[in-house]
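Presented sequentially are two complexes of chain A, the first with chain B as partner and the second with chain C.
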Partner chain A sequence: MELNITVSIIFIATLLHLASGIPGFFLGRRSPMGQYLAALMAVIGSLMGLWGALLILNGPASGYYELPWGLPIGHFTLQLDGLTSFFLIPIFIMGALGAIYGLGYWKQSEHPENGRQLRFFYGILVGSMSLVVMARDGIFFLIAWEAMALSAYFLITTEDQDEKVRQAGWIYLVATHAGSLCLFGLFALFYRATGHFGFQPFQPGMVSPWILTSIFFLALIGFGFKAGIFPLHFWLPGAHANAPSHVSALMSGVMIKMGVYGILRVCWMIPSPPLSWGIILLILGTLSSLLGVLYALGQHDLKRLLAYHSIENIGIIFMGLGLSLVGRSCHHPDLIILGMAGCLLHIWNHGLFKSLLFLGAGSVIHATGTRQIDKMGGLSKTMPYTGGLFLLGAVAICGLPPLNGFISELFIYLGLFKTLMNGSGTQAVPFSLGLAAPALAMTGALAVACFVKVTGIVFSGEPRSEKAAKSHESPKTMLIPMALLALGCLMIGLLPLLVTPWLDKVIVEGNSELMGIGLKVDYLAPLGWVSGLGMGLLLMIGILFTWLRYRLIREKTPQRGTWDCGYAAPTNRMQYTASSFAQMLVNQFDGILKPKEHRPELKGLFPTSSHFESHIDDSILDRVLKPVIHRIQKGVYQFRWFHQGLTQPYILYIIVTVLILLALSSTLGDRFMSFILP
Partner chain B sequence: MVQILIHILLLVIIPPLFLGIINKTKACFAGRKGMPVLQPYYDLAKLFRKKSVISRTTGWVFQAGPVVTVSCLLFAGLMIPFYRINPSLSFYGDLILFAYLLGLARFFTTAAALETGSSFEGMGSAREVTFACLAEPGMFLGFLALARLTGTLSLSGILTGVSLGAGTLLAPVLLVAAGLFIILLAENCRIPVDDPNTHLELTMIHEVMVLDHSGPMLGLIQYGAALKYFILGSVLVDILLPDSNQFFLIELGLFLGAMGLLSIMTGIVESVMARLPMRRVPNLLVAACLLCGVGFLLIGR
Partner chain C sequence: MQTYLNTFLALVLLLNLLALGTSRLPTVIRLVTLQGGLIGLLPLLIHSPWRPESVVLAIATLLTKGILIPSILIKALREVQIRREIEPLIGILPSMLLGALGTGLALLFASLLPLIPGQANSLLVPASLATVLTGCIFLTSRMKAVSQVVGYLILENGIFIFGLLMLEAMPFMVEMGLLLDLVVCIFVSGIILNHIKDTFDSLDTRLLTALKEDTSWPQK
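And then the complex of A and B:
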């Protein structure tokens, strides 16, 4: 009985989110009521949803629920277990915070043309994500998945008057449907293997290894597109950069994690995965994290840069996931726990700090009207709160103590170091897996480089443009969501033991072999030490800083200009820029990044003004996909006469195709059909 | 308890001494009399007495920079054993926290440099973070090798477990030590990576980042530099000193002597070598990574 109540709470919460944009359509274009109603519904929905999810995470059991109304195929089955609740928490947190942020960022009065549409699809996206993690039936899952994918498309193309936005939307749409195609194949195989669309674990020996391998790789590609793992990441930078900032925060912080959720769910259904899967995930994760951060370094667009960092962090999440799979294959419980804990906690952590950073970026863009880092500067004076919160997010995303990023990376490091020790496993873990640890260290160092660049160029120094000089602090509706996210970063960083019971619950739920062992995350990681030291460090910094401030104020410290080597007329444009800061690193890796520079040609004695430009194109999108697609396009030009632009011929094509398929199936008979359906 | 007290006292008091030894060595090589060995202490005392001037471009991050750096280094130092003197803090996996505390220190040093808006300091911090990206994996490779060798994951276990002498593999330990020596020079911005003597040259890394700091802030930074050298130096010394079971005082003497020797060696390197061109520095750091990596392979085989 009580369980049903919990399910109802979360279901109502989901419905509230789904419907939150609808009242706005009945109100006038210029009426501000719609946005307040939407935010109110989102907040109430999220509070209910969080309450329900915490009930499940703290409770012993998980709720299973089947709605009486059915679907044409499949069932309307929902389940609330630990993993679902674990993912519901970031969904509901960002759902509410983004809606509040939107009140200041995307005011209906300032955007009468698309404000209502934005809020409608925002609600749909949050609600459909919550259905995605609750669905326990293949068809229902796909419906929710598509609702999520499409609402995200409409959110990305909010400002569809801009050609770049439309292009980014198209690329996203193509990528997400390529992924969906794999998922259709995945569920077809599911059905073939089990005879139903439910998400029950496969019995060992019931399904042939060939099908299991296909399921794994289809899941990897299908969900990998959504997660944005390298090399399937190419839609992500454009989409995240061109969407409104709170949408970017929701997509980057939460939506791409749905891909990780999918892979996790599938991996948990497969008994005893082979060692190679874990290694593949680990290698993909390592590649993704290194390349993501390298590409981020070369970006001048604040949101594109953050988007590349999502690729990096998804890589780190995959490293944890791969490690846990290796642990399952080698029967090494420490690896399972540490890998899973790193993967799961990094999902939350990334949700917190990346959302914080995107909201901060939105605040900066709101104030300066540009996304170009090199046009900003000195913003910490005009917008001190945004500056401070962004700095906190930056320290967190670099994985530095005493914030939350460090905790999840610590789990992964410990797991990687554990591969070197001869554990109690029956099968030896290849020691070369430990080499991912230096790669992760390099990722961390590169992330520090990148975020020093961002905070330094955007918030420090003098303003580099007029707009930056005239910037202003954002309203409270934008600052409060950021402050709450920052608080989350600090809490998990300083008190990680608060969240480990939930991690334990989810990990044991997915890996039944751990049931009797009684190992826990906090036995394997020195979390007590880390939180004690983190607090000690903060205390010491606080004391020293207060002393320093006291001295500086007591001594009436004079303020002068920055030392300029005696040069008489320095200008703000002579400051170091984001490009110059990153140049040395970019040149180190120019074999991978292939930076393009457009140098001015200087002629004569007194050359007139000129300009220099450098950019780094995406490896996959610009260097592989675009040329290949261009060539394919040329090849299929001959078929252009098929396209008349009239509906009738297209219907004819569909009918002909169906007829051909029917004829095929009747001639090939049952053998053909049995390949698709058992 | 006494040991913890001694450990903390050593950590807090002794680091500037070794900078003095380096300077004295360099002076000897140059045929100068040189400043007294204790000069770094006098400098620190002077700086902490002085008033500061700050740039009006800067904000609180500029002031927080030195504070965070020194705090991080002190906490990192608490985890390092000084030969047989056990560290005040030691737990499973502390080496990761150690490396990341150095990372946090670097974040705030470089962010504080960018606060000034000066191109010089921008250059310095860009170089600092660039070289760190190559030094960091080298350090982890080294730790990885040593962790595999000793089978533990705490710094005190690793550093007291490895020692030159009977029972441990000589070649990998030497390789890792060589790699860590290069990283020591790079992280502390010494020749051949950086020249701590020149001021306001385009060759600078560390000194140029702190150009606008003055008074107690500069004092904190100088003290932090000494701490960093001492901490990373003692990692190296711990690895290289042979195992012993002597009286406490003899062990303390051995440690201090070895640190002194290391400082003299650093001084010699600074005296006989020229600074590498900036574009060559990454090659040197990659070499350090390779040394540690080969060490790891030799142990892992």
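And then the complex of A and C:
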């Protein structure tokens, strides 16, 4: 097929998403038509977009296209290559599924005040992300990037009547703009180095090393904010927790990956990265994954907990990315391939299972009206489908076979093991990098503990509140998107060989040194075995489940409360809570987590009813940023004297500033300008 | 033409000082009206073979600055029933002296600028700088809201004179757009004046500090 047509298909798909929320504004506040139209446009757009992206992944990459729209600087240049298509697929999948999910979760008739706004910005977010990955010009990229960042802000603050939501939105806005500032610097350096804003690879020796180093670190910080890598993650828990659930799913599953995309794109443009960059990414990734899962363990808010797991998974993705960079620096093709395969596939996988989990969480919140895990319980009896799908997502995120999380983590494990075995003709890889493997294993183990806690407290046991007892299964519009995501998890987990050709294509595209070697992902990982064993495992689980089910029906077991331990008169409040379940592990790591407990003081023989509370503050936001910012605010407070509230002094300030600038520019103007523009 | 132009500009400078030197608000408005009218004629003086753009610009400026804006201001003044600027931050005489000093400095500064030979002798640059400065003095030293509006008008007149330097380079649409902006701005100011009067029972802008945000932070 003509490549022009593929570009048009994807571009029309993007426009459909961008415009999907607009018809709703012309319909009544309570009219349900707008949401159906938006969902229809999103589904058609996504089907077209997926078709186009698959055409590119299976065929040749497109050349550069320039849209004939004027810009004072920069051009609307776009290109569709393997990496772009690879990121377009999760964008379009979640774009459509989230819109369908929204039909049940955020009905226009139930939310007349913000439903239209939510759908409008949802479409903008999906469309602008698609533009972000297609853009090949710094200015165009920044425009799309800002559209993405701002629409996400409006999505987070959908329920802006709530103080906490506004605060989370504010923190997000500050973080995202701090990142954007770095990106402005990044593209200014691009321009300085190459003379244009295009995304062409740098020629070796063309750019001085310190500019390359600055470019790398600006990209790491600028895109790291969006990706939510530790320690730039602080906006993420609040934003993900306070947004509507399908928005959290889109943000966590897809949007934060735009940060990874950016770093990947920049790293691929740089000819031979120094070894230290890969090591930095690997260390950051390891830290992020460990701390993410530890903080997740201590959370009581279902969506905050999932948000911390996003930080963990971004860490795993960064480990893969770092590994591949180390491979490039050491000319070690196995490392490049395994690291990239782990990084790329985990991007897809995390998009699938984290979106599934957030949608599941949304379904639970829809039914119980709370995000607090300790108010739920026993939901698998009232919401069996949500429970089952959530469990599947939980198994996937823990990296357990036979689901998809296992496959991508397997690549990274294999890569980390390879660092210990130096082949001939390769530069030595630092031995200590192998230590990331046990860290990854520990992350996986803690993730299992965390999700046992979540599924145990939320779905097993007995309901802890009246609302949980009266919960009901969600409508089909919410269950079908979840089921499709679960199917995706299962497919990649059982048949990884289906996706490896795409991984090979993207990896070779970005690392031209692999072109003639003919190494493939399937040669380096025993995927046939994994696939076979996974199916066997699934079969065994199936048989065991049917047998237990059969026994349960035949033997007519009586209905009893879960975990009542033979106690005569249990109340539901005597069950394990989210905190008590995780307490042992949290106490093991209290040096890092610093849990805060508010213990009751019990006095006398018959103490009155009391209250116990524990919570874990975020390491960066609550322990570093807030005190520092408070200090700064106090210092800056002295300058309030200048705020007289009268316009006259303000105009005077402007005049004085202009006069000073005039004097400066007339005396040392030339020298100043020559400093900026050599 | 050059001599006529310089005469007109000298008149503009004189009007600046007169406006600074009076406390009666209707007089100030009249002076600014006159200044606007003089400035409206300038495009015709700069380009001796009249071009359609210059003519349209001159007519539009005369209409807005000479008739429309003054009538809005006089009407607003009548409604809020106020005649004098009683307590300026800088007194009437000192502000006039300041204006004279500013005019002198503007002449000095303009002589230092690397202007093209055709404009080196004309008063266009110093007049525009001095008028902008006069507007700034008005804005920073007068307390009545009406004086603020007048200050913005004088400031805009200065910018307009500067814009004449670039009449050929600057698109005609920009000039017309500026005029439209100005009319809308004065129109809105007229309404705001009424509201300030209604709310505070005075036109003293110092009372607007009541709108300033709470200063009790930080509590901790």
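Here is the rule we use: the second predicted complex is superposed on the first by the 620 of 678 C-alpha atoms of A that agree within 3 Å, B and C clash if a C-alpha of one lies under 4 Å from a C-alpha of the other, contacts with A are read in each partner's own complex, and residues count from 1 in each chain.
Everything below uses one rule, namely that contacts are C-beta pairs under 8 Å (C-beta built on N, C-alpha and C of every residue); 3 or more make two chains touch, one makes a residue touch a chain.
Everything numeric in this text was worked out from a predicted model, so none of it was measured.
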Chain B versus chain C as contact partner of A:I655, first or second or both or neither: second
Touched partner set for A:L290, first chain B, second chain C, both or neither: neither
Partner chain(s) touched by A:E462 [first = chain B, second = chain C, both, neither]: first
First, second, both or neither for A:Y637, with chain B first and chain C second: second
Touched partner set for A:A439, first chain B, second chain C, both or neither: first
Chain B versus chain C as contact partner of A:K381, first or second or both or neither: first
Touching partner for A:L646 - first (chain B), second (chain C), both, neither: second
More chain A residues in contact - chain B or chain C: B
Touching partner for A:R551 - first (chain B), second (chain C), both, neither: first
Complex interface listing, chain A residues touching chain C: 630, 633-634, 637, 640, 643-649, 651-652, 655, 666
Residues of chain A touching chain B in the complex: 377-378, 380-381, 384, 387, 391, 395, 398-401, 406, 409-410, 413-414, 417, 420-422, 431-432, 434-435, 437-442, 444-446, 448-449, 451-453, 455-457, 459-462, 525-526, 529-530, 533, 536-537, 540-541, 544-545, 548-549, 551-552, 555, 557-565, 572, 574-576, 580-585, 588
Contact footprint of chain A on chain B as seen in their complex: 51-59, 61, 63-64, 66-68, 70-72, 74-75, 89, 91-94, 96-97, 99-101, 103-104, 106-107, 110-111, 113-123, 125-127, 129-130, 132-141, 144, 147-148, 151, 153, 200, 211-212, 216-217, 220, 278, 282, 289, 296, 300
Chain C residues touching chain A - in the complex, by the definition given at the top: 89, 112, 136, 139-143, 148, 205-206, 208-209, 211-212, 215, 217-218, 220
